[in-house]
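Right after this note come the structures.
Same chain, two partners: chain A is paired with chain B first, then with chain C.
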Partner chain A sequence: MGGKRYQNLQGYSFLMPALIIIVVFTIVPIAYAFFMMFFKVDILSGSRSFVGLSNFEKLFQDPKFWASFENTFKYVLVVVPIQTIIAMALASILNSRIKFNRTFLTIMFIPTLTSSSAMTLIFMWLFNNNGLVVNMIGNLFGTKILFLSNPDLALTVIMIMNIFSTVPHFMIVYLSGLQDVPDSLYEAASIDGANRFKQFLYVTVPQLMPISFYVVTMGLVGCFQIFDQAFILSNGTGGPQNSTLTFSLYIYQLAFTSNDMGRATALAFILGLIIFTVTFIVNKLLKADKVNG
Partner chain B sequence: MRKIAILFAGATLLVGLSACNTSENTSSSSGDEISLAVWGSSPSETEGLERTIASFEKESGIDVNIEVVQDNFQDALTARFAAKNAPDVTYMESSAAPKFINSGVLADISKDIKNQEDFYQPMLNSFRDEDGKLFAVPKDYSTLAMYVNTDILTKAGYKMEDVPTDWEDLVNFAKKLQGKLDNGQSAMIFDTSIARHMSSLIASGLNPVTDDDQANFTSSPKAIAFLQSLVDGKEAGYLHNPSIDLGVDSASAAFGSNKTVIMIEGNWVLSALKQEYADVKFEVLPAPTVNGKKQTMTFNVGYAVSKDSKNKKEAIEFVNYMTGAGLQQWSEISGTLPTRQSVAKKMNVDENPFLKAHVQGAEYGTVWSSGINLPVISTAFDNQFLAALNRDKTVEEAMKDAEKEANDEIERQQ
Partner chain C sequence: MRKNNRFLKIVVYIFLVGYCLLTVAPFLWSILTSFKTTAEIAGGGTFFPETWSLKGYETIFKSQFLQWIRNSIFVALFTTVFNLIFNTMAGYALARIDFKGRQLLFSAMLLLIMIPSQVTMIPLYIVVSKIGLIDSHWSIIFTTMINIGYIFMMRQFFINFPRDVEEAATMDGLTRFGTFFRVVLPNAKAAIATQSVFIFMGVWNEFMKPLLFISSPDKYMLTQGLNAISKTYKNATQWDVIMAGALVSIIPIFILYIVMNKYFIAKNDQTAGIK
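Up next is the complex of A and B:
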C-alpha cells in the first residue's frame, strides 16, 4: 500500500476536526491578539489606529492594573500551596483503607462537579451580611464580620471557595498516583523505624513529585486565570474597592466596559507571560523533568 | 483504506463548508424577517412584547425574530456588534447609548421617526448625538419614587402623613422609626450606586459630569453632606443596603417580605409587589426633595436600529410601530410607562395611585445618561463610595479619589 504520503494524509484526516478547532479558536485569536496589542481598537466599530507600546505604558500607570496584579498574586500564593497540601493529605488518608472511604470520596467529589457559578451563588448566600456564616459567627462571638462588603475579606471568600471546589479534583489525581507507590517502599521504611508521619514525608511526598508538578502547574494556571467567581461575587465590578479585581476580570472590563480591545489584549499578553514564567520557575524548582525520567 | 481516508477528509471539509453555508443563509434573510435583541424581563413585559409584536406582524407581514439575552446585555450586544453580527433592532438603554452612537454603529433615524414632539423630550434627547441626530426611540421609562409599607408603619405607631417629603427630615424620621421596629427590619433601604443618586447630587449643586465630560465629585460641600447622610445612616443602622446588609436579592424582595418600611425604587418593582408579594400593603409617594428641590432619576429604554442592518426599512417600520401605534398595547400589557404624552393621557396613567408619583417624575427627572464617559465616572464613584460606606475613607477622601480615578482613566482612553 501507498507510501509515506498516504500515511500522512491518513494521519491529518484523523487530526482534521481537532486541528480546525484549534486553529480557528486558539491559534488565530492568539496571533490576532499579538497584532491588536499595538493598536487602539474600538471594539464596536472595529476601527483601529497604531499606537506602538502606549497600551503597555498606560497599563503600568493604571492603579487598577496594580490592584489586579496584587490580588491575583495574593490569590495564587495562598490558594496553590493550600490546595496542594490538603489534596495530598486527604488522598493519603483515603488511601490508608479507612472505613467508608468510597462514600467519603463520593461526597468529597460533589463540589468539583458543581459549576463554579452555582458554587459562587451558594457561597454568596452563606457569606452575605445576613447569611448563615455571618450570623453564626455573630451568635458565637458577638461580632459581625461582613465578608462580602469588607475589601479585606471578599477575596478570602473566593479563596476558600476555590480551595473547596478544586481540592477534590486534585485529590483524585493524587489518589491515582498513590496506587502506583510500591508497598515494598513503605515496608522498607517501617523496618528502618520510620513512623506513619515520616513514611508520608520521606516516601509518599517524593514518590508523588511528578503528580505534584502536574497539580501545582494546573493549580497555578487555573488560579492566575480566575474569573467567574470574582465576576459573579462583585457583579462584574471587581469591588468592593477593587479587592476582587483579578487580571482576567480586568481584561474583560477593558474589552467590554471600557471598549478598549488594545489594552485588553496587552494585559492578556502580560498575563500569558506571567503564567509562562511562573510555570517555568516551578518546573525548575520541582525538577519535574528529572523525576519523570 | 486509502479511499476511506480520502472520504473522511472530504466529509470533514464538506461538513465544515455546509456549516458555514447555513449560517450565511440565516443572516441574509429575504427581508421579510427582522431580528430584535431584548433582555430577559418580567413575565408581563414578555407577554406585552409578544402580543404587540404579533399585532405588528399581522399588520405589516414582517416577521420579528426575538432573541432574548439573559444576562449582561450590554456586553453581549457589544460582542455582537464587534462580530458584525448585530441584530437589526435592539433595546438600548439611555446610559449606554452614547458609547454606541459615538462608535457609529447605529443608524441615524432622525428623519424616519414620526411625530417626535409627542415624546417626553428629555428622554428623546438622551438618544441624540452632539449634532442633534437621533439614534434611538424611547419605548418606556421608569422613575424613582418612595414606597412606604403601610402595615409596618402603622404597627410602629405612625401614619402616612408622618412620612416627611424632604430628604433631611426623612433621614431623621428613619432614625426615629428604626427604634420601633423588630429585629432584622430596616427603616429604609438604599442603593449604593450613583445611578440612583445623580439627581440628588445635582439638587445639591453638583453635576458629576462636567461640560467637557470630566468627572467632578468634590466641588460642592452640599453634595458631600448628602452622601455623608447615607454613610451616617448606614453606620447608625437605620439605612440598609438590601443585598449587603439584609441578604436579599433585590429591594422589592426586602420590601415585599416586610423587612423594610421605606424604599426609593423605580416602577419596575410594581410587578413583583403585585404578583409575588400580593399581601403587602403600600403607598407610593414622590421621591423626596433634596435641599428643597424636586428630584428623581429617569431610566429610559429605546429601540435602536443597527447601521449595517440589511433590513433597515423593515426595522424602522417596526420601531415606528412599537413606539407609535403599538405603544399603548405594549404599555398596557407590560405595565410600563408610555413615552408619548398623548398615550399617557389616553391611558390615564396619572390617575393610578401607584403610578402617579412615577409619571409626575417624568417631568422633572434627571435622565440617567450623560455622555460617553459616564460608565467610567459611575464606576469610579461606586467603587470609592463603597470605601466611604465601609468607613475606610471619609466621604471627602473617597470623592477626591473617585474624581482622580475617573479622570485618569478618561485620559487613558483618549
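Up next is the complex of A and C:
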C-alpha cells in the first residue's frame, strides 16, 4: 500500500515528536558540551573565553576532584557486586517451588517504589546520631557509632541504602530471566548428583550470564551517576570532609556553586568516558567468562 | 535426603521472612516516628510512641506540602501521557513502517541511550534557560516526555504484534494514523500500562531535574519539597515532621502499586531488547 515516498512520510510523521525532543534536549546539549568543556563559561555575566585544555588541567590538580574520584570508585566497587549477588540469589530462591512467593515478592519490591529523597530521609533517621541503628549498636556493644558525622562511615550509609533499594528491581529482572532456563538442565544436574548449591553454581549462574551482563551494566551506570542520596544526606556539600562527594555532586557544585560551567562540563565528560570504558571492559570480561564456562 | 530437603526448606523460609522484615523495618520505624512527639524523639524514647500525636502531619499540611503534591501530580500526569503516546508512535514506526533511514535512526538512538545524563545536564540547563523555561513545570515535562528505553520496548512489542489485525483495519479504509489510534493502541494495553506506571513513578521520584530547573518554593516538586522540609526541621530534631512528609510522599505510588500490581512485577521491559 502506498508508494515509497508515502512510507517515508508516514515513518517520519510518526517519529516527529520523538525526534524533535531528542534533537533539542539531547543532541544539542551533547554538541554544546563538546564545545563548553574547552571554554570558561560564566552563566551570570554570559561571558565565555577559550581556555583550551585548562579546565582538565585544573581538575587534575584539584584535591576535590580526586576525592570525588576515590569516593565514586569505592562506591561502585562495593555496591555493584553485592547488589548483583543478592539479587541473583533472592531471585533463584523465589523461583524454586516456594509457597507465597508472590507475597514475598510484593513486599520485597517496596524499596524500589520509594523515591530517593524519601528513602534518604528514612535512612538518615535510622543512622542519625539519635537514630535506631546507632542506639541499637550502642545498647549491644556499648559504643555509639556516629555514622553520618564520621567521614569513614557516611558513604557506607549511602551504599547500604542503594543496595537496599536497587536489589528488588534487579531481582525482578533476574526472575524473568529464570523463566527461560529449561527445567531439563536442573534435572540432568540432579541426576549427576549435584546438590541445590552446585546446581545454582553450575546451571543457574552460567545460564543467567546475559541477564547478569544487563544487571551489571545498569548497576555500573547507575552507581557511577550517584547523586540524589549524596546531595540530600550532605545538604549538597559532600561532607563530612568530602567523604560523600561523588562525581555528579561535584559537577553540580562546580556548575551552580562555583559558577564554572566549563569545568563542570569537562568533569561530566570525564565521567562519561569512565562509564564507557568500565562498561566496555566488563562487557569483554563477562563475555570471555561465558566462552570459558 | 528427604530430611535434608526439609531442613533446607525451613532455612529458606526463615531467610525469606527475615529479608521481608528487613525490608519493612525502616518503613515501620518511620511510621512509628511520625506519630511521636518531638520531645519524645529528642529524648531517645521507646520503640512505640508513648503518646500518639498527629502534630507531624499537621505541620506538614500547614506548609506548602499540598501545593507540592499538586505540582508533582500535574507534571507526572502530563509527562506520562506524552511519553506513552510519543514513545509508542516512535516504537511503532521503527518496527512496522519501512521508511528510508530507519536502521540509521535506530542505531543512533542506541548510541544516545548510552550517554550518561550528567554529560548533558549543564548544557541542557542552558538550553532550557535559553528557551525561557527555567522555573516552569514545562521544563521538566518537555525534557522528560520521550524515553528512548521505552521506544525500544514498544518497538520490541510491535515486532511481535500480529500483522493481520492491522491489515484488516487498512482494508476497512482506515488511514495509518486511524489504524494506529483505533486498532493498534487498544491492543497494546498491557505494554502501555507497564510503560505508564514506570514513567509515572520515575517522574514522581525524580530529584535532579527539579533541583536544576525549579527555584521558587511554590513550584517545587514533592521530592524537592521533602529536601526543603528536612533542611528546616532536621536541626530541631523534628523527625516526626520529616517522616510524616516522607511517608505521605510515598502514598500515591503505593496506591498505584496496589492497583496496578501486575504491571509493576510482571515486567521484563528493558531486558526485552537485550536478551
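In this section, the second predicted complex is superposed on the first by the 285 of 293 C-alpha atoms of A that agree within 3 Å, B and C clash if a C-alpha of one lies under 4 Å from a C-alpha of the other, contacts with A are read in each partner's own complex, and residues count from 1 in each chain.
Keep this in mind: a contact is a pair of C-beta atoms (placed from the backbone, for glycine too) under 8 Å apart; a residue touches a chain by one contact, two chains touch by 3 or more.
Quick caveat: nothing in here was measured; it's all calculated off a predicted structure.
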item: Room on chain A for both chain B and chain C (clash or fit); value: clash
item: Partner chain(s) touched by A:260 [first = chain B, second = chain C, both, neither]; value: first
item: Chain B versus chain C as contact partner of A:63, first or second or both or neither; value: first
item: Partner chain in contact with A:151 - chain B first, chain C second, else both or neither; value: first
item: In the superposition, chain B vs chain C on chain A residues touched; value: C
item: Which superposed partner A:277 touches (first chain B, second chain C, both, neither); value: neither
item: Touching partner for A:173 - first (chain B), second (chain C), both, neither; value: second
item: Contacts of A:239 with chain B and chain C, given as first, second, both or neither; value: first
item: Which superposed partner A:43 touches (first chain B, second chain C, both, neither); value: both
item: First (chain B), second (chain C), both or neither touched by A:17; value: both
item: Intersection of the chain A residues that touch chain B with those that touch chain C; value: 1, 10, 12, 14, 17, 43, 125, 128, 130, 256, 261
item: In the complex with chain A, residue positions of chain C that touch it; value: 8, 12-13, 15-16, 19-20, 23-24, 26-27, 29-30, 33, 41-42, 44, 82, 85-87, 89-90, 92-94, 97-100, 102, 105, 109, 112, 114-127, 129, 142-143, 145-146, 148, 151, 170, 176, 180, 201, 204-205, 207-208, 211-212, 222-224, 226-227, 230-231, 234, 237, 239, 242-243, 245-247, 249-250, 253-254, 257, 261, 264-265, 267-268, 270-271, 274-275
item: Residue ranges of chain A touching chain B (in the complex, touch as defined); value: 1-2, 6, 9-10, 12-14, 16-17, 20, 42-47, 58, 61-64, 125, 128-131, 146, 148-151, 236-237, 239-242, 256-261, 263
item: Residue ranges of chain A in contact with chain C within the complex; value: 1, 4, 7-8, 10-12, 14-15, 17-19, 21-22, 24-30, 32-33, 36, 43, 90, 93-94, 96, 98, 104-111, 113-118, 121-126, 128, 130, 132, 135, 164, 168, 172-173, 176-177, 180, 196, 210-211, 213-214, 218, 221, 224-225, 227-228, 231-232, 235, 247-248, 251-252, 255-256, 261, 264-265, 268-269, 271-272, 275-276, 279
item: Chain A contact footprint on chain B (complex, rising order); value: 1-2, 5-6, 8-9, 12, 16, 72, 74-75, 78-79, 81-82, 84, 99-100, 103-105, 184, 243-248, 375-376, 379, 382-384, 386-387, 389-390, 392, 405, 408-409, 412-413
